[in-house]
Amino acid sequence: MSRLEIRNLWKEYGQQIVLENISLTIAPRAFVALVGPSGCGKTTFLRLLLGQEVPTRGEILLDGQPLPREPGPDRGVVYQRYSVFPHMTVLGNVMAGPEMKTARFLGRRFGAARRAIAEEARAMLAEVGLAGAEDKYPAQLSGGMQQRLALAQALMMKPRVLLLDEPFGALDPGIRSDIHRLMQRLWNETPMTVVMVTHDLKEAFTLATRIIAFERRRDRPEERDRYGASVGSDIAVWPPRSAGGPTIWTSDYLPDRDDPILWGPTTGTTRPQGA
Amino acid sequence: EEKKDFKIAWSIYAGWMPWGYAADHGIVKKWAEKYGITIEVTQFNDYVESINQYTAGAYDAVTVTNMDALSIPAAGGVDTTAVIVGDFSNGNDAVILKDGATLADIKGRPVNLVEFSVSHYLLARALDSVGMSEQDVQVINTADPDMIGAFQTPEVTAMVTWNPMVSAIVKLPGATKVFDSSQIPGEILDLAVANTETVKDNPDFAKAMAGIWYDTVTLMAADTAEGAAARAAMGAASGTDQAGFEEQLAATKLYAKPSDAVAFVTSAELGAKMDHVRKFLFDKGLLGPSASSPDAVGIALGDGTVLGDGANVKLRFAPDWMQAAADGKL
Amino acid sequence: MRLINLHPDRGTRLVLGLAPFGALMLAYLIGSAVRLAANPADKLLPALTTLAASIERLAFLPDPRTGDILLWADTLASLARLGWGLGLATGGALAIGLAVAVLPLARAALSPLVAFVSMVPPLALLPILFILLGLGEVSKVALIVIGVMPVMTRDLALAAHALPREQIVKAETLSASTWLIAIRVVLPQILPRLIDSLRLQLGPAFLFLIAAEAISADAGLGYRIFLVRRYLAMDVIFPYVAWITLLAVLLDIGLTGLRRRLFPWSELRA
Amino acid sequence: MRLINLHPDRGTRLVLGLAPFGALMLAYLIGSAVRLAANPADKLLPALTTLAASIERLAFLPDPRTGDILLWADTLASLARLGWGLGLATGGALAIGLAVAVLPLARAALSPLVAFVSMVPPLALLPILFILLGLGEVSKVALIVIGVMPVMTRDLALAAHALPREQIVKAETLSASTWLIAIRVVLPQILPRLIDSLRLQLGPAFLFLIAAEAISADAGLGYRIFLVRRYLAMDVIFPYVAWITLLAVLLDIGLTGLRRRLFPWSELRA
Amino acid sequence: MSRLEIRNLWKEYGQQIVLENISLTIAPRAFVALVGPSGCGKTTFLRLLLGQEVPTRGEILLDGQPLPREPGPDRGVVYQRYSVFPHMTVLGNVMAGPEMKTARFLGRRFGAARRAIAEEARAMLAEVGLAGAEDKYPAQLSGGMQQRLALAQALMMKPRVLLLDEPFGALDPGIRSDIHRLMQRLWNETPMTVVMVTHDLKEAFTLATRIIAFERRRDRPEERDRYGASVGSDIAVWPPRSAGGPTIWTSDYLPDRDDPILWGPTTGTTRPQGA
């Protein structure tokens, strides 16, 4: 049920050590927010989880099995950029996954099967607020719309693990809070574990069950190559959230950082955990 | 107008190699200095281009066959004088068949040759000799450097070309020479021609040409060590060796003595030969779009008679300088 | 105002664009007049009337010898060769380029070969081509293919290789196999580049066509040019060169239009 | 594991890369043996020993006629022409491309002309070129320039035009004049493309060089190939073709290295 | 002294009306934050102020003079992207302006003059936190570093009007607050008017003296082309800030939205102004 175990993970690029001895266990259906300074290796960590890169040392287990050495449909991803296919329409992008999954030779379905997939895709697009844009090409969308499209595309595959790399940076405040609610709902409904990189602590506290901060313990310029980042702090969000339904503490409507009406104290507070 | 600097274009062919040799070995310089002029000799790989350049006025003289002299510069309105008649093809051009013993076997075959060249003329004359015409074959234009390779492909079964290709091709399995230029002697002439106006205004230039030519040819034809060395050098310059070059020379009737050339140019024979040539050219439309008969371009022969339109004489055979060479008056 | 911001209006643009052509034309007319004054039968720069007469003869009157209208017969023969050559080169370049871009094994095996072959001067190898393929249409088409395909292959492989790695990974997370990645992700994205690459190779393709026809042919645009070169018939060569240029420009425009129509998204990058 | 993710290791890559060359070699040896068995005097595919003897004669022994070592003399002559041709073409393409990209007026006046000229088959215009420029080195260099420059010009103008408009505006806010924009913003950014464009034109440049030398020359790689082609002396042609290819590959590698050294930033785009 | 007057400004692209009848007066040394939904024409408005685009109707006056029809050194800009020259090092980018301003032929200075400019540039780079990166190329910098570089480059010219298009979106929380302080200081020290587009209302309130929101009054899909955006609300920040020194209400240290230590009410509040 999508439990991730990371054991003594190192990642080096040539001489440079990027990640240093990371050990983590991510519970099934957790929603982990990954924060940390720019260039500390957050994207690299996601790539390792995805199977796009191979760890230098250490291992990653998914439900006790070593992670396949290449990406597959069990793990979905939304990248910082380049996330959608520029030559497919919005609808085509969202349908691509289910089509390729079932039509192994042409990668396309026809007739009723196609209509069924298209219907599902339209529903997903409506959820991310892209209804009406089905026939546009990605280049005709704003950055934020492209990110939502990428999200819809990834969600269509119902991955066991969803990896998000700063997915909501380009969004309007209004749309951002819509998407936050969508994420929350999908995470509740679908049995998936989410790992999300973000720069926005508020967002992290709004969505995540757990916040992991990467940091470099030694960061003087001359040390930068020789020491990688490791887990600096690891915070469980309080009141605890869990997938599958609202707790008594969370209301249906999660206020968002950018709603001008509400700049009071936020809903989540923190409680340090472990060393 | 009078001038001091002249340019001669020549291209690589057995009968014209002396020009390159003369330029390389100071013979050109010697004669130019004698007449107080300068002569620049330029080698062309591409024969047609050398004639075109001459026709366009970039050169004062060029090495050319009688047929091309008529169809390109003369038909192009450039009044041209044959200063030197160096030789005629005496087997250098040939019709070669694959799997055929006689010329009659050519009937119905595609024939690869350089269209509108002396090869085409040779073919016309060959077909004529056995009562056929060009309707009986199908002509395919093929570039001369590629003849040897082309002959080895299955679909090529008949070919007309010239040396050095002929000597290589006849050695290929299955090749038979069924007609060659020794059967039409004196019709394919190798000339050195110059612009008539230029030689009229600057007779010294023509004299120098004749001097250079006969100096070199005498050396080349000599059966001495120097002669052998000259032939070896010319062979190397044409991309083969002394033996290959001598083989080509054997198929060339060289007028090594200027008096022989004068005799040929002033004979009535020349008129008959040129008549064949101009009829062929007219037939192929090579005397220009406005030519309504073979007479359109006049040819002044060595004996003073004029073939065709006397008001439009554009090609002249002038024995004067060869005569001077024969008389030792250069 | 800086010159960089000085945009001429439509009319000025048109005038400026036509001016160099006018100048060329004028230079021709003057040159032609001067040469014809010196020698009325000059063939190098024929007068416009001569050109017009030749064009009429070539393009509208049947040739007395064969009964064909020469220009059309030549054009058909040449375009057929060009079409075959470019078609095969495009297909081959697409297949190899795609394989090289998608399969690391194919890349290891083929890319040094392609890089090497793209540098071989094809004209020098003509004799071998003839003997292997004969003197007929095949070797002419083959010359075009050999001259054009390696460059196109490299171009396509580069274009495919320039796709962000993230797209490939994304496709894998969408359950695509190598084959599906090739046909649904990589192929459609390099097709526009294929058309552009084809456009860029039109010039070289015509060059090789002319070179092949110069060597052995009995019809074709290059054949005619090289044939009449034997008697410096510039009144034929100029119209033929202009016609070839026009054909190439039209093909270029047509291909650009085709790309716009077939791949509207390729225009959107900006 | 998907094939797309199957990366061969270094050794396998090397073996795979060399294999096609090995296969070509083998095909040659077999073909040569078969033909020589049928006709010992066959010239098309000479035996390796014949090739070796020819190479020794061409590359190491002085020519009896001139005393030069032919291969070096030819190489020097050809490279000088190539260098001049490519140098002038590069300079011209840079100047015109820059003007076309930066000055809307120049664009209006020149870009239709350049587009048109780039489609003219240069070989067909050779006679005119020779008459205008004479038969010396000038016309050979000019053929290379005419064949190569329009394509490079278009390429550079496109590259310059593809610079984001925002960069130009930014430069204007930094007080740059049109001239300063040209030399400090646009020029340095298209120089790497210039080198790449030059690399792509190496093949065509060699083609035009060979074509020019085929018409009139007394030394040069193309001259020699055409000289001996009449005799089908493949024992000379093969080494020359291989040598030309090698030169082109070396130039290509050298230019790539040069670009990396001179414009380190151009490697960083990713 | 850099007072901007915008009078009845319309901007249309072909059929589409983007900006509809905008009239505004921006006081000298104001710091205006421009907010509004994505695609409403904020960037277009900046382009018009810059002189990169020409208004369809209406006019823009700078200190009573019509705006020159092309960009010039009196107006600086930091774009959303493409803001720096990729072929110049970081130091080269910052020196480019002063060099081109004084060397009209070569665009480069040598010797002492160059050293003086380089010194100034290094100081500016240190201010934006790029000390140590002088010899890197932009492609070697993260997005946030590139934005700071673009800012440094623009500030070197001491423009009368500084136009910023979402300049701080890509920044880390920590660096963002450093840059906010820098902006504040420079705006105080240099006689310039700033117009900044932002999606982040918090940022707007932290920095600006006035917040202008663009909005489309009619935004049904079929109306989108026919009606452009205009000024929706125009808010002066309270307590009023003015350039040239701290008011009694502003402290030296402005807390930032992303500082985890402080998620209390913000320092600025709003007071509606005009209609």
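Order of writing sets the labels: A, B, C, D and E. Residues in every chain begin at 1.
Here, contacts are C-beta pairs under 8 Å (C-beta built on N, C-alpha and C of every residue); 3 or more make two chains touch, one makes a residue touch a chain.
Per UniProt, the chains are A, E = NitT/TauT family transport system ATP-binding protein; C, D = NitT/TauT family transport system permease protein.
Here the structure is a predicted model, which means the values were calculated and not measured.
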Fill in the blank from the handout: A correct list of chains touching both chain A and chain E reads C, D
Practice task
Name the two chains that are joined by the greatest number of C-beta pairs in contact.
Solution key: C-D
Fill in the blank from the handout: If CA atoms of chain C are superposed on chain D, the rotation in degrees (nearest 5) amounts to 180
Completion exercise
chain B to chain E, mean C-alpha position gap in Å, rounds to 82
Handout entry: chain D and chain E: spacing of chain centres that average the CA atoms, whole Å
Key = 48
Problem - For chain C paired with chain D, centre-to-centre distance based on mean C-alpha positions, whole Å - result: 18
Problem - Centre-to-centre distance between chain B and chain A (centres being mean Cα positions), rounded to whole Å - result: 84
Handout entry: Where chain D touches two or more other chains, by residue
Key = 2, 5, 44, 127, 131, 172, 177, 229, 232
Completion exercise
Shared-interface residues of chain A (touching two or more other chains) are 70
Handout entry: Overlap residues in chain B, where contacts from two or more other chains coincide
Key = 52, 56, 146, 148-149, 152
Problem - Chains grouped in pairs wherever the two touch, ordered by label - result: A-C, A-D, A-E, B-C, B-D, C-D, C-E, D-E
Completion exercise
Touching chain C in the complex, chain A uses residues 50, 52, 70-73, 75-77, 79, 81-88, 96-97, 100-101, 104-108, 137-140, 153-154, 157, 159
Handout entry: chain E residues within the chain A interface of the complex
Key = 37-39, 132, 142, 144, 169-170, 172-174, 199-202, 221, 257-258, 260, 263-266
Problem - Footprint of chain E on chain D - complex, ascending - result: 164-167, 169-177, 179-180, 183-185, 188-189, 263-266, 268-270
Practice task
Can you check the complex and tell me which residues of chain D touch chain C?
Solution key: 2-8, 12-13, 16-21, 44, 102-105, 108-113, 115-116, 118-125, 127-128, 131, 151, 168, 172, 177-178, 181, 200, 202-204, 206-207, 210-211, 225, 229, 232, 234, 237, 240-241, 244-245, 248-249, 252
Practice task
Would you tell me which residues of chain E are touching chain C in their complex?
Solution key: 69-70
